[in-house]
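Okay, so subunit A shows up in both of these, paired with subunit B first and subunit C after.
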Partner chain A sequence: MTDVTESEIQERPQTPASDGCLSVRNLTTVFTTKRGTVAAVTDVNFDLRAGETLGIVGESGSGKSVTAMSILGLIPRPPGKVVSGEIRVDGKNLLALDRRSLRAASGSDVAMIFQDPMTSLNPVHRIGAQIAEGILAHQRRPSKADKEAARRRAVELLAAVGVPAPERRARQYPHELSGGMRQRVMIAMAMSCDPKVLIADEPTTALDATIQAQIMRLLREVQRRTNVGIMLITHDIGLVAQNVDRVMVMYAGRVVEMGTVEEVLGNPKHPYTVGLLRCTPSRLPADSVRRRLTPIHGLPPNPTDLPPGCSFAPRCELRGDRERCLLEQPELRPAPTDDHRSACHFLEEVTP
Partner chain B sequence: MFHSTQQDVVDPTEPVGEELLRIEGLKIHFPLGRRRRGQYAETVYAVDGVDFTLDKGQTVSLVGESGCGKSTVARSLVGLVRPTAGSIRYKGMDLRTASRNQMRMLRREVQIVFQDPFASVNPRMRVRDIIEEPLRVQGIARDKYVAEELLEMVGLQPVYANRFPHEFSGGQMQRIGIARALALKPRVLVLDEPISALDVSIQAQIINLLMDLQDELGLSYLLIAHDVAVVRAVSHRVLVMYLGRIVEAGPEVLSDPGHPYTQALLSAIPSAEVGSRGSRKEIILEGDVPSPTDPPSGCRFRTRCWKAADVCAEEEPALLDRTGLGALNACHFPARE
Partner chain C sequence: MRRLNPLLVIGGLIIAFLVLVALFPTLFTSQDPARQDVAAQLEPPSAEHWLGRDQFGRDIYARLIYGTQVSMVIGVSSVLLGMAVGVPIGMIAGYFRGKTERVIMWIVDVKMAFPGLVLALLFVALFGQSTWNITLAIVIGIIPVFARLAHGPALAFREREFVKSSIVFGARAPWILYKHIWPNLRSEMVVIASMTAAVTIRIEAGLSFLGLGLPPPTATWGGMLRDGTTYLQTDPLFSLVPGLAIFVAALGFNLLGDGLRDALDPRTANS
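Right, the complex of A and B next:
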């Protein structure tokens, strides 16, 4: 019943995979706090092509969610501010838009699915009305016929994301739905205006494993049908390994490694990625009973007080007592090709 | 190093493998709504017939998805919820008939570590007071440096005793939660999702700490978790729960699952190896877990099971050694795949 067979979500002509639909250049977002200005995201660059899935991996505070919020113009200001950079969707710079144009762009150019579907749905409105609201927000002075059409479209979208009995569900309230169903509603809502880019911020973290599998299958289905570019933000290495084309690893607000999923997970070239993979318990062999895990020692740095050189240097096992890591900020550089880049001074020495 | 002035936790005269906890026919039901004519509108069958034992020095893990009753089992062991039926025995002593003195002993020897380390402490108390509180409650004389010793034991600096909870990260705070649980020198630790609120790199630190403490102090753990990979790495025995019942139990059920639910649960965990993409058989269950107020007749998993036959609706499968390999399985068709 959850298998999506209808193609209610509009088919878009297939664009060649080389078409960059989202490009982010030199994005830097800061927050002003009592203890001074904190750079949550520093100099982030990446491209997302149509029909491609880009995974963004990192721990809490690494800047992955702030990157997503910056793209959508959702950074609360004050205290936050995007201080530099360019975010282009099909050539249009979102950061240069005025408020009204940005509102028009959000939803139709870039849409987002949040982690907790309960807190992102309004508990006092019916599901169908909430989906229709997003559609109507993109029409100026919708007529009665428009409203009726939006309501019908909401039901179609619910059917397309595998919600059984969509007519009945559309009249229900969020509390009457299970967590998995609510996340399906969020996906229906995000896809309602046929976006070019879908940002999924930890879309399955609040869900159980068997429901997570259903939702990831649905996202793959939706992508296949609409050729939407998906930015998957997660801390789950397993989700990345099974679902994305390219990966970007973030640490302390910077991209430390980037490349195809095969390269980054199979042949990591940054000590942080190596550490992250080592402490992922699902990478232990299945028959290993009572085996110790290999943690990364220490704690992530305090963002108000980042070390001057490489942010990972204090926890890095590769550094030894080399001064350069503490003094000089490493840049992303080819490791060894442009398809796989790492920000480590000694990336040649990194072994998985 | 562990309060050398007091008696050691591990009694060397006790044989390893001694049974500490025995749970038999445990049922915990929660009535919902108002009582009318002596009847409640609905009942949540949170735990509905669970049996298991925990031996000294062992880690037994309960895995399952939200709402399967695993946390309710954990809470009943430390007396936070009362069983509706069935018995919980600690060293042969039944919790229902235990005297006050026996309950005091039980509360000392069975301690719990919670999921959210910040939600389980008073933010206005200093770490020293947090760690010493169990001793104060039990009226046990405390050494001047108890808090410092316990902090050292969980890998934190002793000077942290004078700080407040907000000065710590999640991983450090969970270490403090473990230190507090160890203050009474317990025999059994109930670990209710101790790492699921932490970042991956920190999770490994806490798991390693728990394993070291177990080896050092001979503790027994009942680990409640939903992360199958972590459970597989640390457990001596795994119990898989679904909708209030154990569906499969054994030392290797997560490597070699025999019950369809365990198979689906394992298949749903994305492998971290890129190479395995698309190569393994994927089982994606349809639909949601049924409501625990109205569990299906017969086998509770049958509504989502691809093997379900008529017998599954009529007869509830018992948890038996069906394959002769030592693992208990509650499925009418426990074929290995």
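Right, the complex of A and C next:
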């Protein structure tokens, strides 16, 4: 599978080598538990180009966050371990770097926005100081002038993410800011080192709907200005539809479908994606058949005891009683173009 | 304008007064606490000797004043030392988890099973009765208290996103412990320190009472209390006065601790 995937990606005409700012190859991350070793992410491959937004969708435990944590080097070890693969940012393989170079590289190359802005800022430090910390982290012994420069840069960054009265806000503590403002601060912090990749793990889940829209607009604006590649991890299909260029659907630690947002959401080629879309509210007329929300029956498989074949097979409506799904692990293949791939043995039969 | 917290004010005043007495005993008495006058032993209170004299004819009031020094120095410095060692140990255990945590917390648990006074007794009996040894004996007893108390919050804060994002930015463990975790524990630890000072003062008095405090003729509250017990029936003031001093000092630190807790807790600060 590896060879096929790599050659496919390299052959893509619209992907010049310098443009792929993040490329993940054969990433497998496992956790050792009392009941055995669990693969949280298995053989994940994807690319993120500069200025592009990639949406990662899937239910809890599907490996979305573990993928992000692996890229950021935040997998706690033990019990976790990235057992194989390559994570390249601008050509540097983050997994091959020693700790020190990794610290120098991450932070300036990959930044992260967390889910809950209520808990993601340190309550005892002023906003400005927290943003400045990231800027100063890469200087060995910052001088007074460096600190002053970092402080001014923090204020500029606050202004750039649309925080009113940034001078005053920089001197305030997190509890003095609303949730939306705090998420803006998080974005300012993340952008403080001009990262090439920004990982946003459900950045709007903890915010109400109007603020969600503002934050997503802000992320797009920041992206336009800095050409950062954004990895948007979310449960929210609506958010994906509006904000994302390409989508990757994960299930039980594997990528099951990947493609442009129009293709994946408009013409899904994996039964799991179809199931996800069926349980997303739509604005179709009330009498429309598609208006009904149909849940996917069953539960995601136990990660300590994954079925040998397709992980989704036990819940799949398309499978019928075909043996192949239970025995043979399906691999991502064109459906029907390279821009849209699905890991289903019978993807030709999938209908939205 | 915030209303002043009465606990904080009363506790603060008591402690401020005791500190003043400890620092400048000559402001409060002109008598020499060690000068003996056997002819005048157990003399009742008079204009010159406000609380009377002890079994060697020494001025009880002067000994009370000079005893403050011993209690405060040993009480406060052992708390500060105990905190300076215990809190980092607890934070390291909570932050690094794994084997480090198991070993540290196992030692802490073993230590917690020992009564502080008994351990201090053993230590002083083995190494001798100097200010430093007594302080060290008490410090060993309270390190686990601070380690245990710092461990829990450190465990919780290590999972917080601001710690993760600091890691992503390239921060190392000492920086994270010092800049992100310690400031979040600080106010709680200050409160605990004040409460613990009440305990260390009692331990020091206990050691002196048992004859393992600073050796005579140094005036200590615990030593005076012991001397006084012999004359409890005839001269109750002799032992009552140092007992009261220990009580007031412990009360002062407890009130100060309670007051600080209310003042530093944002939920109760304005109520």
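In this section, the second predicted complex is superposed on the first by the 323 of 352 C-alpha atoms of A that agree within 3 Å, B and C clash if a C-alpha of one lies under 4 Å from a C-alpha of the other, contacts with A are read in each partner's own complex, and residues count from 1 in each chain.
Just so we're on the same page, a residue touches a chain if its C-beta (ideal position, glycine included) is under 8 Å from a C-beta of that chain, and two chains touch if they have at least 3 such contacts.
Fair warning: this is a prediction, and the values are worked out from it, not measured in the lab.
*Asks:* Between subunit B and subunit C, whom does A:Glu133 touch in the aligned arrangement: first, second, both, or neither?
*Replies:* Second partner only.
*Asks:* Report for A:Gln212: first if it touches subunit B alone, second if subunit C alone, otherwise both or neither.
*Replies:* Touch partner of A:Gln212: subunit B, not subunit C.
*Asks:* When the two structures are overlaid on chain A, which partner does A:Leu327 contact: first (subunit B), second (subunit C), both, or neither?
*Replies:* Touch status of A:Leu327: no partner.
*Asks:* Return first, second, both or neither, reflecting whether A:Leu72 touches subunit B, subunit C, both chains, or no partner chain.
*Replies:* Once the two structures are laid over each other on A, A:Leu72 reaches subunit C alone.
*Asks:* Quick one: classify A:Ala96 as touching subunit B (first), subunit C (second), both or neither.
*Replies:* A:Ala96 sits against neither subunit B nor subunit C.
*Asks:* Which holds for A:Leu265: it touches subunit B only (first), subunit C only (second), both, or neither?
*Replies:* So A:Leu265 only meets subunit B here.
*Asks:* More residues of subunit A are touched by which partner: subunit B or subunit C?
*Replies:* Touched residues of subunit A are more numerous for B.
*Asks:* Regarding the shared-chain residue A:His235, is it in contact with subunit B (first), subunit C (second), both, or neither?
*Replies:* The first partner, subunit B, only.
*Asks:* First (subunit B), second (subunit C), both or neither: which does A:Thr119 touch?
*Replies:* second
*Asks:* Look at A:Thr294 in the shared chain and tell me whether it touches subunit B only, subunit C only, both, or neither; answer first, second, both or neither.
*Replies:* Only subunit B; A:Thr294 stays clear of subunit C.
*Asks:* Using the superposition described at the top, list the residues of subunit A that contact subunit B and also contact subunit C.
*Replies:* Touching subunit B and subunit C on subunit A: no residues.
*Asks:* Using the touch definition from the top, list the residues of subunit A that touch subunit C in their complex.
*Replies:* Touch list, subunit A to subunit C: 72-74, 78, 103-104, 106-107, 110-112, 114, 116, 119-125, 130, 133-134, 137-138, 175, 189-190, 193.
*Asks:* So in the complex, the part of subunit C that touches subunit A is made up of which residues?
*Replies:* Where subunit C meets subunit A, its residues are 98, 160-162, 164-172, 179-180, 183-184, 186, 266.
*Asks:* Residues of subunit A touching subunit B in their complex?
*Replies:* 1-2, 59-60, 178, 180-181, 208-214, 216-217, 235-239, 241-243, 261-262, 265-266, 275-277, 279-284, 286-297, 299-300
*Asks:* Spell out the part of subunit B that touches subunit A in their complex, as residue ranges.
*Replies:* Per the stated touch rule, the residues are 65-66, 169, 171-172, 199-205, 207-208, 211, 226-230, 232-236, 251-252, 254-255, 264-265, 267-277, 282, 284-289.
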